[in-house]
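What follows is chain A paired twice: with chain B in the first complex and chain C in the second.
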Partner chain A sequence: MEAEFSAQVSARLGDRVAGIESFPGTLGRVRFRADAALDVFRSMRDDLAFDHLSMVGGIDWVDHREAFYVLWSDARRAYVILSADLPAQNPHIESATSIWPSANWHERETWELVDIHFDHHPDLRHLLMPDGYAFHPLLRSFKLHEPEELEVKTRNV
Partner chain B sequence: MSASAESRAAGKPVGAPLPVVTQAAVPFIEIETLRAKEFVPAAKEALSAMIAERGRGELTQPVFNWAGRNSLFPLHWGLACCAIEFAAAFGARWDAERFGVVPRSSPRQCDLMIVNGTVTWKVAHKLITLYEQMPEPKWVIAMGNCATGGGPFRTAYSVVPGVDKLVPVDLYIAGCPPRPEAMLDGILKLEELIRERKE
Partner chain C sequence: MSEMWINMGPQHPMTHGLWNLRVHIDGEMVLDVDPEMGYLHRGIEKISEDRHYNEVVTLMDRCCYVAGLAWEHLYILSAEQALAIRPPERAEWIRMMSEEFQRLGSHIMWYAAFVQDIGLMSPFLYGMRDRDLILDLFQSYTGARMTYEYMRVGGVRNDLPNGFTDRARKVCDWLIDRFVEYDRLCLGSDIFHKRCDGLGTMSEKDCVAYGVTGPMLRSAGSRRDLRKDRPYSAYDRVEFDVATADGADVTARYLVRMEEMRQSVRIIRQALDWLDRHPGPVMAARVPRWLGAPYAPIGNEGYLLKRNYPKGLGLSAIEEPHGEAQAYTVNDGGEHPYRVKFRSPVFANISAAKKYLVGYRVADIPPIMGSVDVCVGECDR
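For the complex of A and B:
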C-alpha cells in the first residue's frame, strides 16, 4: 500500500517532491519543494483524496526550518505527512487555507511560535499570545527570560 | 372625698357626670418639640466637637467597614483549576454564603476579585479592565501559587509571574490549589483587614 501510494505521488507530482520516507502510522512522509506548495496541496486533495488537514506545525532545526502538514484521507483511511524545508532566514511558504480552511488557526499558531510566514493567509494574527507580543517562543534562539525582563518587553510592545 | 363617692353616699344614682379636670393637657408632640429644641443643638455641638477632635472618618469608617466586611461580593470568574475549589467553596459542603460572600457575575456589582488561576499575558489586559470596572472600595485576593507568583509556570513565555504585576493585591492564599477551607480562611483574614481599614 505504501509502495502504491509512493508511485502515485511520484506520478502526480514529479520533481515537486524531493523524496518519500516511511513514517510509522502513516503512508509516508512526503518532502516537497516549498515553492511548489500550492500545487502539492491541490494535488493531494483533488487527485490523491486527502480531504482533511489534521494539523500544521513547524520545527526549528537551527540551520533551517521545517513546516509540516498531517493529512487524513477518508477514502484511504490513512494519514500522510507533508513536510517542506525552509531557509532559516525569512522562512515563508504559501498558505494552505485556500485548499483546506482548517489550516487557518494552525498556521497562525505556527507563525507565532516558530516564525514561519504563510503567504496569502487571510488573517495572520497572534492566536495564543497577546497582540504585539515581541517573541517567537518556540525558536531555539528564544531564551527563558527572567520574569521581570519578559514583563518589561511584553508591556512595551 | 371625691365627687362620685359623695353622690354614692348621698344615694344619688351612679353614672352621674364625672367632674371636669381643669388642668390643661399638653400635647405629646409639643413635649417632643420642646425636648428637640434643647437636644438637637446640644447634640450638634457635641458631634461637632467630636468631629473636630477625632475627624469625621474615624466616626463613620467603622460603620462602613462593618457593612463592607460582612457582605463581600467576589467576582464570579475562573481562570484555572483554583476556580474548581472556588466553586466548591460556594457549594453545599462549605457554603461560603454563610459569611455573606456571594459571587456576582458583573464586575460593577463586586468589591472583591479572587484571581483563581494562571494569569497569561493574553488575559492580562482583560483582568485589568475587570478590576477597573469594579467600584471602590475594592480588594484583590491572589488565590493559589499561579496567581501569587506564576507557580510552576513562572519562567514560561506566556505567563504573568504573579498577578501583583497587574493589580494591587491585598491577600495571598498559598496552595496548588488551595482547599476551600483555605479560601474561606483567606476571606476571614481579609475581613480582619477591612476591620482595620482607615479610609
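For the complex of A and C:
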C-alpha cells in the first residue's frame, strides 16, 4: 500500500516532492519543497483524498526549521506526514488554511512557539501566549530557568 | 440595542476551566465569537525537551486532568515507536483497559458538569458518586486518583493487584445499571430537551474541514473512530461498536457519549477476562537503563548523550475521550526527546467555535459548549 501511495504522489507532484521516506504506522513521510506548498496541499486533498488535517507543528533544528503536517484520509484509513525544510533565517511557508480551515489555530500556535511565518494566514496572532509576547519558546535558543522580562499588553475590549 | 463584545470567562461557570470566550452580541443573538486560550499554558512541550523519556509521563497527567491515563497512553505509544521498544502483550491489555476506564471517568465527569450547566442538579451528584468508584480502582493499581504516573516506555509500572478484576467487574455491573438512570434523568426531562434539541448543529462536512473529531464528529453521522480505523494496543482483538447519531446537535452528542460508555464497559469486560487468563510480565525485558535514569552521572554529563542509540520518529494517535489525540516524538539519539508535539482534540474542537455558536442565543452557549466537553488542560498544554 505504501509503494502504491508513493507512486501516486510521485506521479501527481513530480519534483515538488523531495523524497518519500517510510514511516511505520503511516503511508510515509513526504518531504516537499516549501515554495510549492499550496500545490502540494491542494493535490493532497483533491487528488489523494486526504480530507482531514490533524496537526501542524514545527521543529527547530538550529541550522534549519521543519514544518510538518499530519493528514488523515477517510477513504484510505491512513495517516501521511508532510514535511518541509525551511531556512533558519526568516522561515516562512504558505498557510494551509485555504485548503483545510482546521489549520488556522495549529498555524497560529506554530508561529508563536516555533517562529515559522505562515503567509496569507487570515488571523496570525498570539494564541497561547499573551499579546505582545516577544519570545518563541520552542526555539532551542530559548532556555528554561533563565529570567525574562515580560511586558503584557492588555487589549481594549 | 447596540452590538457589543462581552467576555464569557475566564471566570464563568460555562467555561469549565480557564479560558475566555469573547462573544459579539446583538441583544440576545450571537453574531461572532472569538475564543481566547492560553490561561492554562504551562509549556509542557518545552519542559519535555529537558526531561527523560519516562519523566514526560508525569506531565501527561497534568495535560488532561480528567483523562490522565489516556494521555499517558498516547505519549508512551509515540515514544515507544521513536525508541523502537515493544511492550509485552499483557501491558498492552492493561493500557487498553486503563484507557477505557479513563473514558468512562471522563464521560461521567462530562455528564455531571454538562447536565448541571443546563440546570439539573441531581445528575451532577449521581455522576460524581459513580466516578469515584473508577477513581478507587485507579488508586488500587496506580496508587493515585488523578496523577497516576503509571505507564512506562516498554510497559507499565506494576501489575494489577490481587482481586482487581473481580472488583472491576463489580464496578462495571454497577455502572451499566446507572446509565439507565442517567438516561431517565435527562432524556425523560422536558427541561433537557428544551435546552438541547437542535442546538449547536455542525454538519459532518464542516466537522471534517474544521478538524472536529470525537463524539462531536460521530454525532454528525460519521463512523470515524481510531480504535476501529487504526487499531492500537489490543483494540483489534476486542468486540465493540462505534457509537453514532445523526442529529449533530447537543442531544446527539449526549446520545453518542452515553452509548460510548456502554461500549467501554463492553471492552473492559473482555479485557478483564483476557487479563485473568494471561498472567505474564508487564515490562519489556530489554529496556535501556538510561530511560529511567533521573540524572546523568555527576561529572560525566555528556556520557549519556554520546551513547550510540538509533534515532527515530514516532507518531501515535488514539481515540481520546474528547476525540483524536496525536503525539509526535522526535528522538535525535539524545537522552531527552528532542521535540514532542501534541495534538489536542479539544484545541481543534474549540477552534471551530464560530461554526456551532454563531446564530444562537447567549443562553444557548452553556449547553453547546458543555456538549463540546472542554478540557483546558490538554488544549493549552
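The rule we apply is simple: the second predicted complex is superposed on the first by the 144 of 157 C-alpha atoms of A that agree within 3 Å, B and C clash if a C-alpha of one lies under 4 Å from a C-alpha of the other, contacts with A are read in each partner's own complex, and residues count from 1 in each chain.
Here is the rule we use: contacts are C-beta pairs under 8 Å (C-beta built on N, C-alpha and C of every residue); 3 or more make two chains touch, one makes a residue touch a chain.
Quantities reported herein were computed from a predicted structural model and do not represent experimental measurements.
In the superposition on chain A, A:Ala78 contacts chain C only, with no contact to chain B.
Shared-chain residue A:Leu144: touches chain B and chain C both.
Contacts of A:Phe135 after superposition on the shared chain: chain B is touched, whereas chain C is not.
Within the superposed three-chain model, A:Asn104 lies in touch with chain C and out of touch with chain B [touch as defined at top]. In the superposed model, A:Gly57 makes contact with chain C only, not with chain B.
When the two structures are aligned on the shared chain, A:Val70 is found in touch with chain C, with no touch to chain B.
Looking at the superposition, the partner that touches the larger set of chain A residues, chain B or chain C, turns out to be C. Chain A residues in contact with chain B (one complex) as well as with chain C (other complex) are 128-130, 137, 142, 144.
Chain contact summary for the complex, chain A toward chain B: residues 128-130, 133, 135, 137, 142, 144-148, 150-151, 154.
Of all the residues in chain B, the ones that touch chain A in their complex are 121-122, 124-125, 150, 154-155, 157-158, 160-162, 165.
By the touch criterion given at the top, residues 23-26, 29, 51-55, 57, 59-60, 68, 70, 72, 74, 77-79, 81, 100-102, 104-106, 113, 126-130, 137-138, 142, 144, 157 of chain A touch chain C in their complex. Here chain C touches chain A in the complex through residues 5, 7, 22, 37-38, 41, 43, 45-47, 50, 81, 208-212, 224, 229-230, 313, 315-317, 324, 326, 328, 330, 338-339, 341, 343, 347-348, 351-352, 380-381, going by the rule given at the top.
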